[in-house]
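Okay, so subunit A shows up in both of these, paired with subunit B first and subunit C after.
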Partner chain A sequence: MRAPDDTTIKAGQTLLSVENVSLSFGGVKAIRGVSFDIKKGEIRAIIGPNGAGKTSMLNVINGFYHPQEGQITFKGVKRKKMRPNDAANGGIARTFQNVALFRSMTTLDNIMAGRTLKMHSNFFWQLWRYGPAEREEIEHRHKVEEIIDFLEIEHIRRVPVGRLPYGLQKRVELGRALAMEPELLLLDEPMAGMNLEEKEDMCRYIIDVNNHFGTTIALIEHDMGVVMDLANRVIVLDYGQKIADGTPDEVKANKAVIDAYLGVAH
Partner chain B sequence: MLYREAGQFKTNYRDDMAVFPILQDRIGILIILIIAFAVVPFVGNNFLLHAIMIPFLVFALATIGLNILTGYTGLLSLGTGGFMGVGAYACYKLTTTFPDVNVLVWVICSGFFSAAIGVVFGLPSLRIKGFYLAVATLASQFFLQWCFIRIPWLVNYNLSNAIEVPRRSLFGIPVTGPEATPQTRYFVVLTIVVLMTWIASNLVRGRIGRMWMAVRDMDIAAELMGVRLLNTKLLAFAVSSFYCGVAGALLVFLYYGSAEATAFSINQSFAVLSMVIVGGLGSLLGSFLGAALIFTLPILLPHFMAGLGLPIQSATAEHISFMIVGALIIFFLIVEPHGLARLWQIAKQKLRVWPYPY
Partner chain C sequence: MAQDAIDKSVDTFPKFLLVNAKIRGDRPAIREKDLGIWQTWTWAQVKEEVKALALGLKELGVERGDKVAIIGSNKPRLYWSMAATQSIGGIPVPVYQDAVADEMSYVLQHAGAKIAIVENQEQVDKVLSISEQLPSITHLVYDEPRGLRDYDHTRLKWINEVQDIGRKAMETKYPGDAWEKMIAEGKGSDIAVILYTSGTTGKPKGVMLTYDSVVISSQNANSFDNLTEKEEVIAYLPMAWVGDHIFSYAQSYVAGYTVNCPESPETIIEDRREIGTSYAFAPPRVYENLLTLTMVRMEDAGRVKHAMFHYFLKHARKWGEKILNKEPVPLGARLLYWLGEILVYGPMKNRYGFTRVRVAYTAGEAIGPEIFRYYRSLGVNLKQLYGQTEASVYITAQPDGEIYADTVGKPSPDVEIKIEDNGEVLFRSPGVFAGYYKEPEKTAEAKTPDGWVKSGDAGFFDPKTGHLKIIDRAKDVGRLNDGTLFAPKYIENKLKFYPNIKEAVAFGDKRDYVTVMLNIDLVSVGSWAERNNVIYGSYQELAAHPRVYQMLSEHVDEVNKSLSEEGPMAGAQIKRFLILHKELDADDGELTRTQKVRRGFIADRYAPLAKGLYDGSKEVDITTDLTFEDGRKGTISARVKIEDTKTYAPAAPMDKAA
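Here is the complex of A and B:
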C-alpha cells in the first residue's frame, strides 16, 4: 500500500522504543522512568490497574503529552517534542478510551476524514470539485469502502455516528484509525463496555488487521483473557512504574504482577 | 411514495457522491432554478424583486458565510456585520479608485479584503473557544464599526460620511446606481449567489469540509488525524469572511444604494446569526430557509394582517415581527436545534414512506 522508503523497518525490528520516560503533572508523577520497545508486526499489550499510567503512556507516544525526561525513538528517529499531527504524519494512529468520533458526521465521512493526510489536491481544485479534487475523492472512497467492507459496517455507511450503538461506534473508530494506514496503531481499551459477542468480533478484527495489513498494534485492555490471547508481549505498569515485561505466560507467573492486581498482605 | 429512490442504482462512486443523488431532488432544484432565473424576474413586480428577492438572496449569502464558520467549524462569531462592512467599504474604495474596472470584479475582490481581516480576527480562535471567542469577535465588530465612522478616507471624505454608490454598468447596462433596474440587479445578485452556493457546497462536501466538521465535533481527534487546527480554523474564518464581504458589497451596491456605518452594526450580526440558527447550523439549504423566514417575516406581516382585515401600522408590525422572531429562535433552540433544514429532512422522510407510517 505504501511506497517503500529507506526508513522501512522489517518485521521483528524495533519500531518504537521508549527510554526512561518520566511524566508528571505538577506534583503527580504519572510515569516514572519507563522503558520498553515495540517491535514491528507484533501486538504489544499495556496492562495495569486503574491509574497506572497506561493512557498517559499512549498520550506520550502520540505527542499529546511531552515527557519531562527520557526519549522516544520512532522508526529510528529520535524525537524531542512533537505535535499530534506530526505523529499522524509519521504513521501513528489511535483510538480513544471514550469514543472520540465526529458525532454528527456519517460513518463514511468519519472514515474519509481519517484519510485527510493522504489527500493533497489544493484549495483551487477543491473549490470546483473538479479534476484532481474529484479524482482524489473517488480514489479514496475506494479505500474507505475496503475498510467498511473489512469491518462489516456497510449498513451504517450513511448513519451519523452519534446515533449508533456503542459497539458499532468503537468499530467505526477503529475504521477511522485504519484509514490512516498507520504503521503503529494505538488502541486504548478497544473492548471496554462490550458484550462477549462484540468482544469476540473486535478481537478478530484486531488479529486480522495485524495479519493482513501487518500493522503493529499497541493495546491497552483490562480483559485479561483477551490480553493473554492476543498479545505477543505484555508490559505491566503500576503507579507509573514498569513492574513486568514479557510474554503473556511470563507475566502471568510474575509475583509482582499478581501482587499489583490482587493486593498483598503487609 | 412521492420521494422513493427505489430503482435508482448507483454504479460508480462519482454518482453516489453527487450533491443530489436522488432524481427527484435534481428535478426539484432544476425547477427552482428555472423559476428563479426565468419566471420571477419577468412575472414579479418591482416590490417583489427589490424589496424581497434581492435582500433575501444577499442575506442568504451572508448566512452561508456565517454558517461555514459557526455551523460547519463550530466557531461562534458575532462579527458578521463588521466583515460585511469591510466588503462594502473595500468595494467602494476600489470602484472609486479604479472606476474603469468592472464593478462586479470589485465586488468579488472585496471579499478578499474581508477574508484578510477575518483571518486577523480569527487568530485568537486557536486559544479560545465558545463564548470567549464570541466576545473576541464582538470586539472586532465594534472595532471595525469604529473604523467605518472615524476614518473618512474610507468614504473618500464625503460630507455625508456614507457610501454613495456610483453608477456602474456591465455590457452597457447599468447594474449599480439609481438607473439600474431591479431586474438587472436581481439577475446579478442571483447569479453570484447561485455560483457561490455551488462553490460552498463543493467545499463542505470535500476534504476541507470534513476537516472543518472534524474540528467542530472533536478537535483532539481531528488533530490526531493530521488536521492542523490553526490552519483549518483560519481557513474557515477566511472563507466565511469572504462570503460575508461579498454579501456586504452586494447589499450596499445592489440593494441599499447608499449606506452609513450603522448599516453594519451589531444588529446586522445578530440578524445573520439568527438566520443561521433558525435555518439550521451546518446546512446550506438551511441558510436559505433561515434568511427567507427572518428577512421576509417583517415585510410580509403587515400585508398578511391587512389581508385579515386588521391593518396595522408599520411600526407595530416591526415590533410584532421582533417578538415573533425572538419567539421563533427560542422555539428552535429548544425543539429543533438543527433548524428548518432538519424539518425539511423529516418532511422528506415522511414523503418517502407516505402513505405508510414507516
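Here is the complex of A and C:
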C-alpha cells in the first residue's frame, strides 16, 4: 500500500490521525484506546512517565507494531497494517532512542544511506557507478551536502561515526532521517543523555528543520522544559492511556498530568 | 621598495579591484568551500559582485564617510562588503564576531555605524538585542539566511536582495561607469578602515588607517617576500584583526593573489591541506597544536613508522635548518635529508597543508624555540614578525636566511625604530595610523607630533644579530637598584621553554639582583623521575628532591649564560632561585584565568620565601593555605631550599644597532 503521491494536505490540516488505538503484548496492555491527531507543520510532543507507552505509540505510527484495535489515517489514507518500509516510502522518517547508525561508516555515508529509497537507477548502473547512477549520485550527494551544511557537521564529514561523541552521533542520525525528505519526522528522545549545550543545539536544529523544510515533527521527550518550549501541542500518556492533550500551557495546568508526574497519595 | 610598475594613481582598494579585474580578470580572487566543493570567483566576477553590493548599499543610504560594521567569520561576501563600502566612500568597521552583545554595542555605538553587515542569525540576534542602544543603525544585512525567514524584514535585508537592489540601480540611477567614477573620487589620504583593538585593558580604541598607510605597507610586505598573484592564502583569523585585514584583504588586492575561505572554523586543517597555501600566517598556538597533534598520533603509530619518524626527525634537526638557510651541507647528509623528504617530511608537510608554503609567519607572542625549529627543520620557511594595528602590522620581520627563534627580525621596509631609555620601542613608518577615532587625547598619548608611535612594548636590538627582541610590556619592565633593565616576562619565558619548568616568577624590580620562583612540570619531571628511579610520593616531595634542584639549577645556569650574551639583559641574570612546594593555581588566585602569573600577589602570598630570596638564607619554612579542586580549604607546610647560581660577565659589548 502506498500513500498517494500528490499530497494535497495544507499546513494546519490533519496529516496523521490515530483513532482509538490499542496495543497489547500478551497480557500487557501498552496502549489503551488512544486517539489524537498530528497537524501538518506542527511540532507535536508525546510525553509521559517511564513505561507510559510513548515509544510503543511511535512504533505504531511508523508501522513497526500493529495495533490490535483502532485505525490510523496518514495523508487521508486509512490503514490497519503497514510495514515500516511502507511508512518510509510514504514519507515517515524516524530516529531512535539509542543511536542506530552504521558505526564504521562515515557521516557522509550514513546520511547517504538515508537516500537509498530515493535512488531509482538499477543495480547494474549502480555497480559500475556510470550513466544514470553517476548522475543520480551527484544529485543525491548535493542534497546530502545541504543537510551537512544545515546541521553544521562539515568537520566530521569523513569521520566514522563510531568515533564521534554521542551528541554528534545524534545529529548524524537526525541528518540521515532528514535525507529521506520526510513529511513526518518521528524523534524518539532526541535529547536523551545530552548535556545542556548539546540539548540547546538540538532544540535549535529541530526548530530549524520545522521552520526551514516545513517538516511536521512528532517527538518523545523526557525533559519537560525542552518539550514545553519546543512543542506546539503536547499529548500526555500514562499507563497507556491519554490523560491530556493540548498546548503546553494547558497541559502544565492539567491536574491529571501533575498527578501522573508527581504521584498522588492513593 | 614598491613593486615595479605600480601606478601611483592606484591608491585605494576599489581602484586595485578595477585594475585586477582588468589585468588578471580570469585569475581566481577568492574561494569558499560550500557544500563540500570549492567555489571560485575570479577578479572579474568579484568586481561585478562588489559593484552590485556597493550600489545596493548606496541605495540603502550609505553616504561618503558613513561607517559600515562588518561582523562575521571569513566569508567572501563579507570581504566584498569591505570593498563595496570603500568604493562608495564609506568606511568599513570590522567587529570581532565572538564579542558578546555588550562589547559589540560599545564598538557599534562608538563608530556610529549606519549599516551592519553580519554573517548569520547568531549575529543578527546579537545586534537586534542591543538595537535600542544603536539608533544610528538603519539597516541590518545578513549573509546566511537560515533561520531568519520569519524575522521582521523592515530593517533586515538578505545580502542577495541588497545586490538585486544594486543591479536595478545600475540600470536606472547609476548607468555606465557611474560606479567607477565614485571610486575615482576616493583618494589615498582617506580613511580606509577603522579597526578596534581588542583592548586587554579599558575600552577598545578605534584605530583609523588611511589607504596610503595600508597600501604602502602591503606593497612593502609583498615585495619583501616576493609575493605574486600566484599565492594562495587561507583566511581564518578574525576579520576585525589587523593581521587578517592586511593578509587576506589588502595584500591580496595589491598583489592579486587568491584568498580561500574555509568551510567552517572546525575544518581549517583539512581545508588548508586541500588548498596547499603558499603564504601562511598563524599565532604560535596554531603551530603548537599541529605539532602536539602529530606527536600524539605518532605515539599510536606502528613500530616501524615510529622509528622512521624519529630517526629522520633527528636528522632534520641536525641539518634541516642549514639546508633551508642554504648553508654548506655534506653530500651524505643532503642525500639522507632527501630520502627523509620522501618518507617523512613531505607527508608531514602535506598533512599540515604546508607542501607549497614559501613563507609562513608567526607573531603575537613568543614561540617556543623547539616548535619553531621543528617546522624549519622540515623545510617550512617559518619566520617571525612583530607588528601592531597602529603600524598596519609591519614593524619588523625576519628576512630570508636570517632566522632566529628568539628575535622578531629587522625593521620592515620604510620603518624606523628607536628604543627609549625605559626600553620602550618607538616606530615611525608610512603605515602608521592616522589616529584613534574620536579620541584625540589618546592619539596624542600614543603618537608624537613628528610621527613616532609608542608601541607599549619594551625591547632591544640584539648585538649579535642586529634583530629586535621584544622582552615585555613596557609598563611591566622595571629596574634593579643599580639601574639595570629588568624584564620579568622575558626571563620567565626563557625558563618556561624548558619542558621541566611549568611556571616561573621573576623578582627584581627595585631590588639588588634577580631571583625566581619555579614550578616544575609534573608530567615532564615525573617521567624523568620514573626513568631515573627517583621515588616520590607527592608534588611537594618531587619538587624538593635534590636531583630535581640540580637539574633546574642547570637550566637556570643556561638561561644566565644566554642572558649574558644579550647586551642590555646581561645585568639581569638570576642570582638565586627556589622551587615552590605547590603548583601555582588560578583557583588560589596565583594565576589569572588566562594562566598569567600574578607577581605581586605571589610575592605577598609567599612573603617568607620572597624575603628568604634576598636575605641569604639557605632554607625557609612556610605554611600556605590552599584550595582543593573540590573547593575544600587546607594548608600545606614545607621547608623550601633556596639555591645560589653562577652569573656570567656580559659577553660582547653592546652594539648600537639601527
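Structure notes:
Please note the rule applied: the second predicted complex is superposed on the first by the 260 of 266 C-alpha atoms of A that agree within 3 Å, B and C clash if a C-alpha of one lies under 4 Å from a C-alpha of the other, contacts with A are read in each partner's own complex, and residues count from 1 in each chain.
The criterion applied here is as follows: a residue touches a chain if its C-beta (ideal position, glycine included) is under 8 Å from a C-beta of that chain, and two chains touch if they have at least 3 such contacts.
None of these values were measured; they are calculated from a predicted model.
Shared-chain residue A:D149: touches subunit C; no touch with subunit B. Of the two partners, subunit B and subunit C, it is B that touches more residues of subunit A.
Using the contact criterion defined above for the overlaid structures, shared-chain residue A:E137 touches subunit B, although it does not reach subunit C. After overlaying the two complexes on the shared chain, residue contacts for A:N211 are found with subunit C alone; subunit B is out of touch.
Look at A:F25: by the touch rule set out above, it reaches neither subunit B nor subunit C.
On subunit A, the patch touched by subunit B and the patch touched by subunit C overlap at residues 141-142, 145.
Contact residues of subunit C toward subunit A in the complex are 34-37, 146-147, 149-150, 263-264, 266-267, 270. Within the complex formed with subunit C, the subunit A residues making contact are 141-142, 145-146, 148-150, 152, 154-155, 157, 208, 211-212. By the touch criterion given at the top, residues 62, 64, 83-85, 87-89, 93-94, 96, 100-105, 109, 112-114, 116-117, 119, 121, 123, 126-129, 133-134, 136-138, 141-142, 145, 176, 180 of subunit A touch subunit B in their complex. Against subunit A, in their complex, subunit B makes its touches with residues 12-14, 16-17, 199, 202-203, 205-208, 210-211, 213-214, 216-218, 220-228, 235, 282.
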